[in-house]
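In structure tokens below, several structures.
In the two complexes below, chain A is the common chain; its partner is chain B in one and chain C in the other.
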Partner chain A sequence: MSWLSDETVSRLQAAGALPDFEGTRYRVMDRVGSGGMGVVYLAEDSILGRRVALKALDFPDASGELAARLLREAHILARLEHPGIVPVHDAGTLADGRVFYAMKFVEGRRLDRLDAQKDSLFDRLRIFQRICDTVAFAHARGILHRDLKPSNVMVGSFGEVLVMDWGVAKILPSSLERPSERAPVGNVSPPNDSPTAAPSETAHGEVLGTVGYMSPEQARGEIASLDTRSDIFSLGAVLQYLLTNLPGSPPRPLSAIARKAMQSDRDSRYASAICLGQDIGSYLDGLPVSAYPENIFRKMARWASRYRVAIVLVLTYLVARALLLLWFRR
Partner chain B sequence: MRQDTQIGGSSSKFPATQWSAIRAARSNDATERTRALETIIASYWKPIYKYIRIRWGKTGEDAKDLTQEFFARLIESKYLDDFDPSKARLRTFLRICTDHFVANEAKAAKRLKRGGRAVHISLDFPLAESELTRANVTLTAAASPERIDEFLEKEFLRSLFGVAVEELRMFCQSRGKETHFRLFEIYDLGDDGPQRPSYADLGAQFKIAITDVTNYLAFARREFRRIALEKLREMTTSEDEYRREARALLGVDLS
Partner chain C sequence: MNKVVYGLILGGILGIFDGLTSWFTPEVRPQLLMIVVGSTIKGIIAGVLIGFFARKVHSLTLGILFGLSVGLLLAFFIAHMQGKYYFEVMLPGGLVGLIVGYATQKYGNSGLSAASRS
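After this line comes the complex of A and B, so read on.
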């Protein structure tokens, strides 16, 4: 009998816990991560010959609550077709009873693994703008993410920025479709998005999200009254994270933007992710930002900074001209 | 009369999905009882041997005699009749029995000297001893009360997986799927660490496509899982207990 080391035993344990994809078109290759309610595997789609990511429950869910939530996530992703959101290819139930869905396999790194040396402030702000665009798109479709944080953002090998893990997303009542409009997926019925549906929707008082990134109202469990401004708070926390580990202290206008997004009073936050993204764009373009009132000196400093090349050229020209005049007067 | 009991007999004669070795071990049918005890001993002898070595600090020779004697008594004395699955897991029960047994070691030694037991069990002790050496177990650290249960749990899992791997090997051989098992052996059982070969390396080595490597490994893992769960089921007495154990040891929830 062969010797099984601790490492081998752990590997076999993981193999034993693998979802049974027998009978599907997918062949699991490796485990690539895990979230609150599921595990993500790298797999091969045997029909199309491409690699996909499969998210499946850790185990068959007897209560059906987690299965409904995972399926709900798949449905949310399916209705959010956007370059910043990973596309869903397929969903279903495995022979062992686990619900799963297949999505594009994204190669890259998570935003929480920033390289302080390589990622400049400019790069970070461009990434943040893309996150704001994606969240604004989801809000326009009536969906709150509710768990925005650096570890839920992937930066792909080709610079693509993807907002991941929509497992605790909330569908705003105003955007609900009639259930009859949605067809079942494979052998799985569409989830019930009704605000009163317990398995797929979070109940009032239940706290889902991540401490440090969730809004005060979300932390208090005020699920029913959450709106897009809760995600704005989380975006502010993500921005604050991006401003850390920089050489020197972060620019004041950017700190002011993060502060405004993270106001306890949600009426004082940005009205939308678009407005927040626009303020970041203004900063990058050297324009005034709404969160940072300027006095005349700050305005001049920003103006000088924005037109520094032109100012240097003009000053160089004037100095040269003055020197020439002096030279010819001799 | 001396009776030889060879561990590792095929349990496939029983309907694996329903059969419980614990229940069968209490059966009045002698054949059924012997088979059941073989199954239990196959999964537990190594953990118990290592437990005696570590917890009780016995030498290899003493631990070997004690393990032999313990399991011989398990067969003869119907220890398992006292086992109540609602109160403890089998491995906890066996650990307590082992502690009582080793505490009375002197008496047991005398009995052995008086002529030995009628039942002799063939167990590969040198293998168990070499496993202890390879695992580089710090004997005193593992013997601490806080860690001993954890140690026994891990050893039981190691033993269960070892039995399942052997059965998988036989299963693959009987179906002409030796390559499936070889891939599983290299990729999942190997201790290569960072040197672990990629699917492409394995494909080149066995002259098969990468997709075949994926499929063969998926097959072997699926069968391994099935066999391991069957073995686990044999060690439990009820569906509830089986599910609890599957969750605790394999992280699998069977609804």
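After this line comes the complex of A and C, so read on.
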């Protein structure tokens, strides 16, 4: 009798953990990542002949709680049609009982893998504005992301910015879907979004999110009272991250914006992701930002910076004119 | 800001400074106001022409040459009306044209891209 080597056992275990996509239109090509809830595979859609990303539970979920959460994520994504949110194509259940959903395969790099040398402050702020736009859109649809962090943002090869991983997103009570919007997808029933009955909803006191990026109220587990300002805090933390690894210290107005977004008192934060994005836009345009009160000297410095080209041109003219005057008088 | 407006504003500002520098020539100091107004109008006209050129032709060299030519030409007319001070008027005028020619090529929107987007 011969024993299997550890390597063989681990390979067999890995093969056994692979979801069985037999009987579906998808052919798994590679495993591209994993999260707290599932694994993401690169697959080919055999009918449409295109590459897709498949997110599936990494093991059959006997309790059904994770499956419901994964489906809930798919439903939230399907509800959020926006250039900054990866579109969902399909959802279903595999033969082994695992739930999965198919989405657009996005090639690019995660925001936490920014190149300190190549990505300028301007590029970073433009990316951040796009994140703010996306989050503002989700908020307008009554959805909180609750896990905004650099590793959940993907920057595509063509500059597209996508906010990923809506697995712990919360549907605000005021925006619960109407029945007509909750049609079943494939052979899967929609998850219950009701805060009282849904197994996929987070219970009060449960802490979901990422330390360093979640708001104080979220860290305290005050799930029921979370609102859009919790995501504003996370956006502030993402901005803070983007301002690190820059040559020199970050500009004061930007640090002030991050500080305002990350106030522990949520009433002191930006009222919305739009307001936060607008302040970033103001900074980029050389205009005053609401988070940074200016005295006369700071105003003058900003004005000089905004019109530096015109100032240099006028000064060039004046110097040349002075030289001409001296030459005429000689 | 589109190139024509950019040229207009920059030409106007440089025109004002151009006129003000005549204060350093005592013989013409009594006509300072008239000179400032005239050189501002000259700068604005030059700026608009150079701005239109920059919108059509995207070449730094040609832009600078065109600016210089327009600046010199307009200054020549001014100097010719007085019949003197050719160098004193034409050199600064050419300088204004040169700077506006450079600036309108490097900065400002052509306006064409905005039209094609709509």
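Rule of thumb we're sticking to: the second predicted complex is superposed on the first by the 314 of 330 C-alpha atoms of A that agree within 3 Å, B and C clash if a C-alpha of one lies under 4 Å from a C-alpha of the other, contacts with A are read in each partner's own complex, and residues count from 1 in each chain.
We take it that a contact is a pair of C-beta atoms (placed from the backbone, for glycine too) under 8 Å apart; a residue touches a chain by one contact, two chains touch by 3 or more.
Computed from a predicted structure; not experimentally measured.
> Would you check which partner chain A:Asp58 touches, where first means chain B only, second means chain C only, and both and neither mean what they say?
first
> Once the shared chain is lined up, is A:Thr316 touching chain B (first), chain C (second), both, or neither of them?
second
> State whether chain B or chain C is in contact with more residues of chain A in the superposed arrangement.
Counted on chain A, the partner with more touching residues turns out to be B.
> Check the residue A:Leu324 against both partner chains and state whether it touches chain B (first), chain C (second), both, or neither.
Only chain C is touched by A:Leu324; chain B is not.
> Looking at the overlay, what does A:Glu44 touch: chain B (first), chain C (second), both, or neither?
First partner only, chain B.
> Could you tell me if A:Met29 is touching chain B, chain C, both of them or neither one (first, second, both, neither)?
The first partner, chain B, only.
> Thinking of the overlay built on chain A, is A:Leu4 touched by chain B (first), by chain C (second), by both, or by neither?
first
> Look at A:Phe21 in the shared chain and tell me whether it touches chain B only, chain C only, both, or neither; answer first, second, both or neither.
first
> After the superposition on A, what does A:Ala304 contact: first (chain B), second (chain C), both or neither?
Neither partner.
> Flag every residue of chain C that touches chain A in the complex, lowest number first.
Residues 10, 13-14, 17-18, 21, 24, 87-88, 91-92, 95-96, 99, 102-103, 106-107.
> Name, in rising order, each residue of chain A that touches chain B in their complex.
1-9, 11-18, 20-22, 27-29, 44, 46, 49, 58-62, 97
> What residues of chain B sit close enough to touch chain A in their complex?
124, 127, 130-131, 134-135, 154, 157-158, 161-163, 165-166, 185, 188-191, 193, 199, 211, 214-215, 218, 221-222, 224-225, 228-229, 247, 249-255
> Which stretch or stretches of chain A touch chain C in the complex?
309-310, 313-314, 316-318, 320-321, 324-325, 328
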